[in-house]
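Worksheet: the structure to be examined is printed underneath.
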Amino acid sequence: MTASSSTADFRTRLQEWLPKIVLSPSVAAMFVFVYGFIIYTIYLSFTGSKMLPSHDWVGVGNYVKLWGLRAWWTAIINLGIFATLYIVICTVIGLSLAILLDQKIRGEGMLRPIYLYPMALSFIVTGTAWKWIMDPGIGLENTMHLWGWESFEFGWIKDRNLAIYTVVIAAVWQTSGFVMSMFLAGLRGIDNEILKAAQIDGASNWNLYRRIVIPLLRPAFLSAFVILAHLAVKSYDLIIALTGGGPGRATELPATFMYSYTFTRNSMGIGAASAVIMLMTIAAIMTPYLYAELKEKK
Amino acid sequence: MGFLDIQNVTKSYGQVEVLHQVDIAVEEGEFLVLVGPSGCGKSTLLNMIAGLETITSGEISIKGRVMNGVHPSKRNIAMVFQSYALYPNMSVAQNITFGMEMHNVPKEDQQTALQDVAKLLQIENLLDRKPGQLSGGQRQRVAMGRALVRDPDVFLFDEPLSNLDAKLRVDMRTEIKKLHEKLKTTIVYVTHDQIEAMTLSTRIAVMYQGYVQQLGTPKEIYDSPANVYVATFMGSPAMNVVPAKIAMQDGTPHALVKIHDGSEQMLRLEQNNLSEWDGKDILLGIRPESITDPDGADRNSSNIVSLTNRIGVTEPAGADTYVTMELGGKEIIARMRADANVQSGDIFQFAVNMEKAVAFDPATEMRIKP
Amino acid sequence: MAVAEQDTAIRTGTGTRIFIYGILLVFALFYLLPLFVMVANSLKPLAEITGGNMMALPESWTIEPWKQAWSSAQIGVEPTGLKPYFLNSILMVVPAVAISTILGALNGYVLTKWTFKGDTIIFGLLLFSCFIPFQIVLIPMASVLGKLGLAGSIPGLVLVHVVYGIGFSTLYFRNYYAVFPTELVRAAMIDGAGFFRIFWRIMLPVSGPITVVCVIWQFTNIWNDFLFGASFGGQSQPMTVALNNLVQSSTGVKEYNVHFAGAILAALPTLLVYIVAGRYFVRGLMAGSVKG
């Protein structure tokens, strides 16, 4: 009798512990591979590591050096241009397409997947396609010449000052359909009775959108901004495939900078410092957002 | 010692105590209803009996066996949930037999028990359906079937009727009552609906802010509420509680109350110990059905007092007509016969059955006991 | 009367509608253009691209570029075509998707139905880990993989993708299970089912849709990954890295038609998934963007 009751106890206690046991591998992996590694990289950013990690403490030396590097400034300025245009253009196109698609369009079921499919592709594929489309020798410029528009010029991808804008084009192509989906979901979530009430109040279509609908889409704007901003900071593959960081180093972004300084230029300390700055940028964008989302759920 | 014993039970989340020193002894075959507004701790208490929430301090025992720390499935209890909690991927039959399957009951015994319960609840024709194909009332039956089939020591019901529409709710209420009378099982039933509490229970525990405000039979709770909260929570429309002053006349205590024009009327009280309150303020509680037109007054009452007051609005409700008026500076409700001749704005002579009136201490809001 | 029955409040005139359709079609062309260019030019001989119009259909159709891309194109130093790399990707994706999905389902189940003190913090940390720039873990990951003897191997890549995939898979299942009534779990507990039995008998049977969403998301993400593949692939590079090597190779003539064929090959699995289960793909994207 005592034996059976103590096994029952054991089973009950095991049941209490099982959830934590099941969760623990993931939590352990997270603490080691995410947060442990982050701490280690932060540590490395304060060391004079070159090709291999070393432990000679240099304080903020790497950060000082980093902000003195022309290449880093190029990457930061590029990121500023790229992120701004990428976010703004994606939002404008996404919102416009969503509003237009929301007008009881015949063939919406056909158009939506067409707008969204680029999101399923690898940035490497996107980069490859656009690399040759925007290549003046064989791509769009050549086509226009063949069609008789002799003066047409589109050589941005070879131009140090303009190449960064080709990255924007390809990135917008890939993501704007997704932003459209987010806004469309937001639009479909708006109570139709609110719109009817506004119409009875005499609002024109323009005013309806400007005064009622767009303000109600605030959460979708926020989500779109956060997603696009974090994608912009993380952009790496597209640069590699589209321009390889060139011409010269004209289209370097922090992500490509970090990779080349760490693994090809043997300045691991500086590479680590640049990674830390990337992380902090993303943390500044994501943390308040995630915090608000989690708090809301509670 | 009861069949189900709740002794000194408290529940805290961190620093916050949500249930304070609950003591209830439930006898075998009793139908105990825990009633109170949402957040009063009634569902927490039920979940603690079920073993779904831990007990912070105190003890819960069933049939003399202490249940603290015992797994829910080992308490020999069954529970019917508010949402019915039917497993959506299983048929009705599988839903009912799942518990037996978990306890390794032989297949034939499972089938016998299933057929018995299905017959009892008249759901034989639903056994192969999925919960999604059932109506609300049918789901309710299946949920009860799942509980019944376990033949538990204690049934726990967590607001089982609150998801049904009004008519079905009344039907199912009757059915649960019949079921209890037939099976004589011990039931603990949680609801926020005081009518459900009154009709179903053998005893009621009225809960509020984590305290059991009063524990008693429906009649005790209704006629002798322990405090203003219980008085106003139980009964619909709620008991009228108005400020009054005790004054002595002919050696008996009277309640002085203001009427619509600010003048005072005297209502003779039954309760003699209120003479100790001479000159002091009390709260006077009178149920709506105790204020009637003179013809509708209770003939068995020994203390019908007349009260002249102006009628506010009248609300014919079919079986009765409700009348509002101002008393003691508050709007109160009286319950007339349906065909009582009342017009809003009229000065009318009401009959008040003071035998049923109760008095509360305005400081503590506790009843001044006779 | 017709107006009253219309369930959208917005009304537009014919002129406006033509304009709207016009814009929508122009954008459809914009999105389709690269796909058209890739397909059309992958079916042309090289001379037709270098000497002709990229926007034109092939004059002499050929599948030679596809054959080359698949089995004989020069990738790095070896003329192996993309075939072995395609295989690498498959070998990497299947276990990584399976493991991260299973862990995500269990984590989501624990975090919603067996809550404990601090579970929100755990989830918050997991959630944040979905969005970190992976540059921050590249350096330590390289040395840990080396120490584990997994550098440049498929199991190494599987490990990396599982570790950084758990966050999203947990997010999906947590949000899905959060709206799954807890009363069902409690009922099953009273019925005597334990932790795993409840998961197996009660939760999993209703988890079909979210499992599809999660699998598609993980599949797309891991298949399309480049950074980890390039950093830790070594001798076992996945498809994306191989494609990039093919396109970026600076030696010899640029075989655009082969590049396009290779790009389509690299895109094919995820495109197929998108065509077959687009609905779930969109749901995954949405769930990943509207968090919490």
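As written, the chain order gives the labels A, B and C, with residue 1 at the start of each chain.
Convention: contacts are C-beta pairs under 8 Å (C-beta built on N, C-alpha and C of every residue); 3 or more make two chains touch, one makes a residue touch a chain.
These numbers were taken from a predicted model, which means no experiment stands behind them.
Asker: Figure out the least number of contact steps between chain A and chain B, where 1 means they touch directly.
Answerer: Counted as steps through touching chains, the separation is 1.
Asker: More C-beta contacts across A-C or across B-C?
Answerer: A-C
Asker: Report, in whole Å, the distance between the mean C-alpha point of chain B and the mean C-alpha point of chain C.
Answerer: Whole-Å distance between the two chain centres: 56.
Asker: Quick one: chain A and chain C, Cα centre-to-centre, how many Å?
Answerer: A distance of 14 Å separates the two centres.
Asker: Send over the residues of chain C in touch with two or more other chains.
Answerer: In chain C, no residue touches at least two other chains, as defined above.
Asker: Find every residue in chain B that makes contact with two or more other chains and list them.
Answerer: Touching at least two other chains: 71, 74.
Asker: Residues of chain A that contact two or more other chains, please.
Answerer: 11, 15
Asker: How about chain C: which of its residues touch chain B in the complex?
Answerer: The touching residues are 181, 183-184, 186-193, 197, 201-202, 205-206.
Asker: Touching residues of chain A toward chain B in the complex: what are they?
Answerer: Contacts found on chain A: 8-9, 11-12, 15.
Asker: Taking the touch rule as given, give the residues of chain B at its contact with chain C in the complex, in rising order.
Answerer: That would be residues 47, 50-52, 71-74, 77-79, 81-83, 85-89, 98-99, 102-103, 146 of chain B.
Asker: Across the complex, what residues on chain C touch chain A?
Answerer: Those in contact with chain A are residues 7-12, 17, 20-21, 23-24, 27-28, 30-35, 37-38, 41, 49-50, 52-55, 103, 106-107, 110-111, 114, 116, 120, 122-129, 131-141, 143-144, 162-164, 166-167, 170, 178, 194-196, 220, 223-227, 230-231, 240, 243-244, 247-248, 256, 259-260, 262-264, 266-267, 270-271, 273-275, 278, 281-282, 285-286, 289-292.
Asker: Quick check: in the complex, which residue numbers of chain A touch chain C?
Answerer: Per the touch definition, chain A meets chain C at residues 11, 15, 18-20, 22-23, 25-27, 29-30, 33-38, 40-41, 44, 53, 93, 96-97, 100-105, 111, 113-126, 128-133, 137-140, 142-143, 146-147, 173, 177-178, 181-182, 185, 192, 195-196, 198-199, 205, 208, 219, 223-224, 227, 230, 233-234, 236-237, 240-241, 244, 254-255, 258-259, 262-263, 268, 271-272, 274-276, 278-279, 282-283, 286-287, 289-291, 293-294, 296-298.
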